[in-house]
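Presented below are the structures under discussion, each in the form of structure tokens.
Next come two complexes built around subunit A: one with subunit B, the other with subunit C.
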Partner chain A sequence: MRRLAPAIGLAVALTAPAWVWNPYHLHTLIMAGIFAVLALSLNLLLGYTGQLSLGHAAFFGIGAYASALLTVKLEWSPWLGLLAAIVLPGLAGYVIGRLALKLRGAYFVLLTISFAGCVSLVSVNWMDLTNGPLGIPGVPPVEIALPGLPPLSLRTKSAYYYLVLAAVVGAYLLCLALIRSRVGRALVALRENETLAASVGIDATHYLVLAAVASAAMAGFAGGLYAHYTRFVSPEVFLFTYTVTMVIMVVAGGKGTLAGPVVGAVLFTVLPEALRELTSYQWQMLLYGVLLVAVLFFMPEGVVPALRTAWSALRRRWRPS
Partner chain B sequence: MTLEARDLTVRFGGVAALTGVSFAVAAGTVTSLIGPNGAGKTTAFNVITGFQRPTEGTVHHDGLPITGWRPHRIAARGLVRTFQKTSLFPGLSVRENVLTGLHLRGRVGVTAALLARGRVRDEERRLGVEADRVMDFVGLGARRAEAAAALSYGEQRLLELAVGLAARPRLLLLDEPASGMSASEKVAVAALISRIRDERITVFLVEHDMRLVMGISDRVLVLNYGRLIADGDPASVQRDPEVIRAYLGAGAHAHP
Partner chain C sequence: MDQLLQHLLNGLLLGATYSLLGIGLTLVFGLMNVVNFAHGEFYTLGAYAAFAALALASVHFFLAIPLAIVAGALAGAVCERVLLRPLRGQSIDTVMLVMIGLWIAMQNAELLGWGGVAKSVPTPFPTHPVVLGAVSVAPLRIFVFVISGLLILGAHLLLSRTKLGRAMRATFQDRETAALMGVSIERIHTVTFAFGAGLAAAAGALLGPVFLLYPSMGDLASLKAFSVVILGGLGNFGGAALGGVVLGIAEELGAGYISSGYRDAVGFLMIVGVLLLRPSGLFARAERVG
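Moving on to the complex of A and B:
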């Protein structure tokens, strides 16, 4: 099952554009993918080091603005824009990680909220650079230029879907590689018992900075993907709602698991849309809240750990050896 | 000479937890630090391992001043401690606890983790073997898959020792490793400490159980109200009138 479930998930994801005809549904899946990268990035901090960042939309927004500004104003290639969407938020993550030297728990949360607040204000008020609340229209689409062939523009939803899917797989493999090593154990040690971690030689600052940089860079990349998908960036990318959505996805999906954030992202992007089609607006939000509470009440560890427990219980019943 | 503390003073506001304490812990010995509750034993441990900066005084390890170093650097030098209150990675299994303790014996960083999975595999295999050795050494080999939080109290204290040993200490500082244990568990812990010394690891011990202390120590230091009042071999410390006064009160006398 450990091997089978991801394989089935990937097969379903790879064939999705073939059987999802409704463009709006495909749009929902693309947003689910972007949120999956965001949730994976938040999970590195929240799930493994145990520190809650409530300013994660800031890294997403910095990535979106970096790629949008560089491609629109300096006419960089979107690929270089996406690279900047990794590097610049990564640097911001480094600063946050260093500032968090002795800040943990509630203080870390406040630091990240304030940081997001500052960045958001800059995006609204630095008119010359960001065009303020009007935003930046005309962000170019991503193009794949192979030698000898006409450039292939990823303008269509199904083409962009595969770019986002590749990003999700990449982010997942990156987390997997980090976690299944001595580095991952050090991150988890910070979550479990930072004092004991220090007394066996684990440098808390080093690993917290590392997690913050990796997390911010991944969130920034998601921002870049978002910018070249919607082709428009405005201060809305810094909305606190985005951060809250990421937290819900990580916690409800299963924090501290690799698959949890991905499952959470798909679930909590598709769910509101499904409810929108089934019910009216008032009922949509109400049902969303009730379902969220129900998930957390019946599966406090998240959906993925709950499914794992259920699966192994089933196996024991069938094969009582 | 392994560890040397000179004129350590620690003041919390107006309260002095340690006042001008000097002592040395010789390599290859079991040295114990005893004294009534609140005498400053744990404060001394905190200063040595970098969790508390002394108001005055210095700590040297093999001649190198380590005063004010951060705890993880002191650990990397080979000074590893356990804690008075049970301190584990509670959500992890026994094996994962020990593997985390083996941090200093690994080399893989981010770059290798992402790009050189072959090196990661080799290291994981090597650390796995070392983890097995440590778990067997303390007698938790059969419990490796158990969650740390699910172990009995005595087993948890053994696991703490295993995590400390995994960090490859040259000097192991044990803060009341036998507190709260049954008589038979205490005997086992005493035997384990002797075996740790046989592995040529110097042991510095804070402990309240006098039979355990006097049985395994080469040297005993006595703290009272933050001052060192005795320093010598177990027999001479037991006869010391000031030590007897500190433990039994001002009116007490030594009986032969």
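Moving on to the complex of A and C:
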């Protein structure tokens, strides 16, 4: 099952455009993919270092703005824009990480909120650069230009879907590589007992900043993908709702697991769409809040670990060996 | 010079309500070790409760404010009983996430209940300003300032002079000993959280008529409250009272002389600056934050 579940998941994901006919449903899946990258990035901090960043929408927004501004104003290729959407948020993550990771717990949370608040105010007020609340329209679509072939535009939803899917798989593998490496073990050691970890020579700030940079770069890349998908960027990308959604995806899916954020992202983008007929946006957000509390009360590990436990209990009952 | 005086006065008047917001939050943190992200929602609740009492039940303005405080304190007591009591002994991070959930749920419940259209609260005060030499001020602002000051003083006296206040401080210093001395621990927890929520509701009921009511107004209030608490040092009552005035004046000066678009950035920058340079607060004894 451990091996089978990801394989089935990937097979379903790869064939999705073939059997998802409704373009709106495909759009939902693309957003689920973008959120999966975001949730994976937040999980790197919340799940593996135990530090809750409530400013993650800032990195998402910086990535979106970086790519949009460079491609619209300087007419860079969207690929370079996407690269900038990794590099610039990564740099921001480095600076914030160096400053904020001296702090822990509530202090860290407050510092990240403040950072996101400042960035959001800049996006609204710096009219010359960001065009303020009006936003930046006309972000170019991503194109694949191979020599000798006409450029292939990823303007269609099914083509963009595969780009986003590749990003999710890439982000997943990056997290996997990090977690399985010395870095991941150091992070978990710091999360579990910082004093003990420090006593065996683990440099807390070094590893935490590393995690922050990787996390910010991934969130920024998701922002770049979002910008070239919706082709429009406004200060709304900094909305606190994005951060809240990410937190719920990670906590409900299972923080500190790799599959958890992905499952959480799919659940919390597909479910609201399925419920859209029945409920309004406010009811959805109200439900998010209640769900977050309910998960913490009744399933504090999250969905994925709970499913794993249930599965192994089931197996033991069937094969008592 | 006149302009500077006017800014300073406005800052002081605004700052008193920030202090009121801040002490509720700092009490709950200092005494209960709960980071209450839903603090701003009790502020919103207070504002809407006052509005409901005035507009729907048409009670008198002066009666609407105590009603709002009672509503906030009751809601706080319920939250403590239902959400916080079962989590006692859990890690501070779990409690923090639960409070974030409560924040989102409460805010959207307000949005569903009252709609997104901003509401204004009618007051019996004349709108034309009182001119005091070089500066002028609206009568309502003076009223808000005076009541805020009285509430802060009352909270201070309750904590330091009454039996209840002593029981509260004792409980959070040493649970077991306090329980041995006959303090009902569970009741003290509920009362403390209700007290903090009531103070937030009071700030909402007082500031609601000054500004407009809208369901997400609590977000900014939370931000201000957190800025104040960090300025004063988490858990420091006097620091929060002073921090509120500092933040109010800094905001007015920032908005007046730099850019009004960045008014709310003052709070953010203060949080960042204080946390990085003097994390135990401007007026505090040393405290470990890392």
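Operating definition for what follows: the second predicted complex is superposed on the first by the 299 of 321 C-alpha atoms of A that agree within 3 Å, B and C clash if a C-alpha of one lies under 4 Å from a C-alpha of the other, contacts with A are read in each partner's own complex, and residues count from 1 in each chain.
Please note the rule applied: contacts are C-beta pairs under 8 Å (C-beta built on N, C-alpha and C of every residue); 3 or more make two chains touch, one makes a residue touch a chain.
Computed from a prediction, not measured in an experiment: that's the story for all the values here.
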Inquiry  = Applying the document's definition of touch, where does A:Val293 land relative to subunit B and subunit C: first, second, both, or neither?
reply    = second
Query = Between subunit B (first) and subunit C (second), which does A:Val247 come into contact with in this model arrangement: first, second, both, or neither?
reply = second
Ask   = Counting only touches as set out at the top, which of subunit B and subunit C does A:Ala106 meet: first, second, both, neither?
value = second
Task = State whether A:Asp203 touches subunit B only (first), subunit C only (second), both chains, or neither.
result = first
Ask   = After lining up the shared chain so the two structures overlap, which partner does A:Leu278 touch, if you call subunit B first and subunit C second: first, second, both or neither?
value = neither
Inquiry  = Contact-wise, after the overlay, does A:Arg180 reach subunit B, subunit C, both or neither (first, second, both, neither)?
reply    = first
Request  = Spot which of subunit B and subunit C makes contact with more residues of subunit A, would you?
outcome  = C
Task = State which residues of subunit A lie in both footprints, the one left by subunit B and the one left by subunit C.
result = none
Task = Enumerate the contact residues on subunit B facing subunit A in the complex.
result = 49, 51, 70-73, 75-76, 80-83, 87-92, 96, 99-101, 103-104, 106-110, 112-114, 117, 120, 123-124, 127, 163-164, 166-167
Key: Interfacial residue positions of subunit A with respect to subunit B in the complex   = 174, 177-178, 180-186, 188-189, 191-193, 195-204, 210, 214
Key: Touching residues (chain side subunit C, partner subunit A) in the complex   = 29, 35, 83, 86-87, 92-94, 96-98, 100-109, 111-112, 219, 223, 226, 230, 234, 259, 261-262, 264-265, 267-269, 271-272, 275-276, 279, 289-290
Note = Given the complex, residues on subunit A that touch subunit C span 50, 52, 54, 99, 102-107, 109-111, 113-115, 117-118, 121, 124-125, 240, 244, 247, 251, 280, 282-283, 285-286, 288-293, 296-297, 300
